[in-house]
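Dropping a structure here in structure tokens format, bear with me for questions.
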Amino acid sequence: MESSHRELKEQAWLANVEIPRRGLAIATFGNASAFDAAAGVMAIKPSGVPYPTLTAADMVVVDLAGTVVEGTLRPSSDARTHLVLYRSLPGLGGVAHTHSTYATAWAQAGRAIPILGTTHADHLAEDVPCTAVMSEAAASLDYETETGNQILEVFRTRNPLHVPMVLVAGHGPFTWGTSADQAVYHAQVLEQLAQMAFVTRSIHPGAPRLPEHLVRKHFERKHGPAASYGQRK
Amino acid sequence: MESSHRELKEQAWLANVEIPRRGLAIATFGNASAFDAAAGVMAIKPSGVPYPTLTAADMVVVDLAGTVVEGTLRPSSDARTHLVLYRSLPGLGGVAHTHSTYATAWAQAGRAIPILGTTHADHLAEDVPCTAVMSEAAASLDYETETGNQILEVFRTRNPLHVPMVLVAGHGPFTWGTSADQAVYHAQVLEQLAQMAFVTRSIHPGAPRLPEHLVRKHFERKHGPAASYGQRK
Amino acid sequence: MESSHRELKEQAWLANVEIPRRGLAIATFGNASAFDAAAGVMAIKPSGVPYPTLTAADMVVVDLAGTVVEGTLRPSSDARTHLVLYRSLPGLGGVAHTHSTYATAWAQAGRAIPILGTTHADHLAEDVPCTAVMSEAAASLDYETETGNQILEVFRTRNPLHVPMVLVAGHGPFTWGTSADQAVYHAQVLEQLAQMAFVTRSIHPGAPRLPEHLVRKHFERKHGPAASYGQRK
Amino acid sequence: MESSHRELKEQAWLANVEIPRRGLAIATFGNASAFDAAAGVMAIKPSGVPYPTLTAADMVVVDLAGTVVEGTLRPSSDARTHLVLYRSLPGLGGVAHTHSTYATAWAQAGRAIPILGTTHADHLAEDVPCTAVMSEAAASLDYETETGNQILEVFRTRNPLHVPMVLVAGHGPFTWGTSADQAVYHAQVLEQLAQMAFVTRSIHPGAPRLPEHLVRKHFERKHGPAASYGQRK
């Protein structure tokens, strides 16, 4: 059968295979999706399928209401969390969820990752935020949708394209970007930031945050109107 | 000579070669076995043979009384521990024993691995238990059988298929499942949980256990009667 | 078009591709340059180009005043920091900048790496120095040039060929040598020293510096007039 | 030219190339030698040659007095340390010296590695000993010979074949065995023990030594007259 979403599925698949390749998850852990805002659909990894056997054709296409519109496999059990993000955070073209070791450890500690250096400031200008632990009341509702709602709570006061990552307390990281590829890139960056912050605070428990003037400098070098990083487009 | 247990030996061999491939042991450390409950025999790695030279034909087939029924090599020195588990814990199709770094460190610390997040709760709904240190009296009996008995002590009050892993204090992890392949998968998951718990408690020594309502939610998502994870069979 | 700096660009490119190969940076992080003192130009990595797609022809040739003299891509955003070093520190043939995990963690902690053993003393005879955090006043000037100036401050009283590495506080390491290849070698050595020092101080927070008589012994074995290491030239 | 020590050089070379392959050293760090007790010569790595370019023909053959009897390259700067061990510790067929991360960190901490579990007890029945820091007086003599003498001090009261490894304080590990291959195997085991002990004591600073009855049990399983590990010879 001819797919109406061949490219979207290809993008989602490429992003998913990068998750284990970059050491961000073992076995079937983690998932990535690609979003087509015009069509109002995302392509996402099927549930519980190991990465080495995954093909682009296996990707499941789901509309914003959660209905499967293409694909014979069940979507990832985290699909409804992805959908909450696409419905409410404007500009997202991809979402990734991993169980990478150090980012998950910070999430398990229930702690935001402090902004301690320029590697961090090159990507976001504040601590990597951490959600509250989900209450028993919320967990008794639709769990995956509520996970998304916990994240939205954090982004009431933040621009998701300026802070493209979050820790879900007791669970692990979700990251995103303008594409599925960028979402996985942010998952890799987050894991690096999480490990560096762990080592920094082990060396010096009182290591201070990067001063605000350096945070701004680095973030604007990459993201401001006067950005000087990368090649001119 | 024609083998009566060709498939069982193949399963045991495949599981054993995954141990070093997944970074769970160096040199000749560790071993996995596959159990055929109907025939009452297990196939296990021979003792002291390095993984790269191992073949399926090298696997040693041993009956539940410990008698070698097929194979020219000596079985793993831990064979009698595997046999105790197959004799007493119903439903096991495979057992794995590794010396993976972080799981062994928790075993050496004599501490259960606390359930700190959903990666853990996806696989078991409680701390990874740790046996008592073996007494001098027990160690003077058949040591490998007594190691199995230390494990059984822990499973008097636990369902081994719900808690498919244990730490033997001062020694290292044993894991199992309905197949040898699943036993090694659980060894890999355990190593991941052990590393995450180490980092979490280094970041925040007082990091609390995952609340019970989230433990249940995740465990039942994968294992309960209303499991929503993976593909429908 | 024929290049006037073919060899220099080749050296710079070879050094850059070693950065991810030796695990010193992910994605586009980090950069290395090669300097031709006679011609007064350096070849450096272009900004924001991922390592796997990099070619020798992509290297950008820049003169000591910062003018691009060859190449169609923008030079690394850190180019002006490299230029400060080539202008002021005599004898440098290459500079490398990475975001390697452990060296960056010490930089984020704002701490010099103590000289705790002979691996360290084989390469430099004192702690790896760490700059001050850049003031708001300095950061409001040309940021990359000021980063270089922060480093020069440290080398007022040090021989840069005897101490071929520095941590920029809150940022990460810069290393150098008589060639681009040696600069990357020093980046790799620094990462090893940084990890060993982290583990040493975790095991024993009061671990003392290597006594001065052993520091001298090892440094002179490799670098003194009576050096006994390596092959006679 | 025909070599009189072709096999010995081959053994030394094979052991040396395993050092970086097993992640025990970067660049030119570390060295291994093979000893022919009957001929009274050892073959050892030349000084400062990177592992990837090393060939068996590069190995340098040195007699017990330290005279090069075959080879055109300079022997490793640690050669005289190896010779002290071959001259004074009976039964050695190979020696390895690495700068592996965790073993070196314990050496830099100046601490013996405590025997915390059976992985350790399978290989030696006590803590991995650590020498004293070399005095200024000793360091002013022949440094490499004195390093060997520091090690001998530790083995006045120990059987080197029962304790095939030592930490030189502020420096790093030396290991040995009945062959060069076994020496490198012990270097790899030591690195594993060092990492496990670091993690164990990080999890639980008061983690106790393995009780003596379990130490004996494991050591004798592999090494005693009633050894049950491995294949019968």
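Letters are used for the chains, namely A, B, C and D, taken in the order the chains are written, and counting of residues starts over at 1 for each.
FYI, a contact is a pair of C-beta atoms (placed from the backbone, for glycine too) under 8 Å apart; a residue touches a chain by one contact, two chains touch by 3 or more.
These numbers come from a predicted model, not from an experiment.
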Q. Shared touching chains for chain A and chain C?
A. none
**Q.** Chain whose mean Cα position lies farthest from chain A
**A.** D
Q. Taking all residue numbers at the chain A/chain B interface, are over half used by both copies (same) or under half (different)?
A. different
(Q) Could you work out how far the Cα centre of chain A sits from that of chain D, in whole Å? (A) 46
Q | Whole-Å gap between the CA centroids of chain B and chain D | A | 33
Q. If you look at chain D, which of its residues touch at least two other chains?
A. 202
Q: Using the contact rule from the top, write out all pairs of chains that touch.
A: A-B, A-C, B-D, C-D
Q) Considering the complex alone, what residue numbers of chain C touch chain A? A) 26-27, 29, 46-49, 73-74, 77, 99, 101-102, 104-111, 133-134, 136, 139-140, 143, 170-172, 198, 201-202
Q: Spell out the part of chain B that touches chain A in their complex, as residue ranges.
A: 22, 116-119, 185, 188-189, 192, 195-197, 199-200, 202-204, 207-208, 210-211, 213-214, 217, 221, 228-232
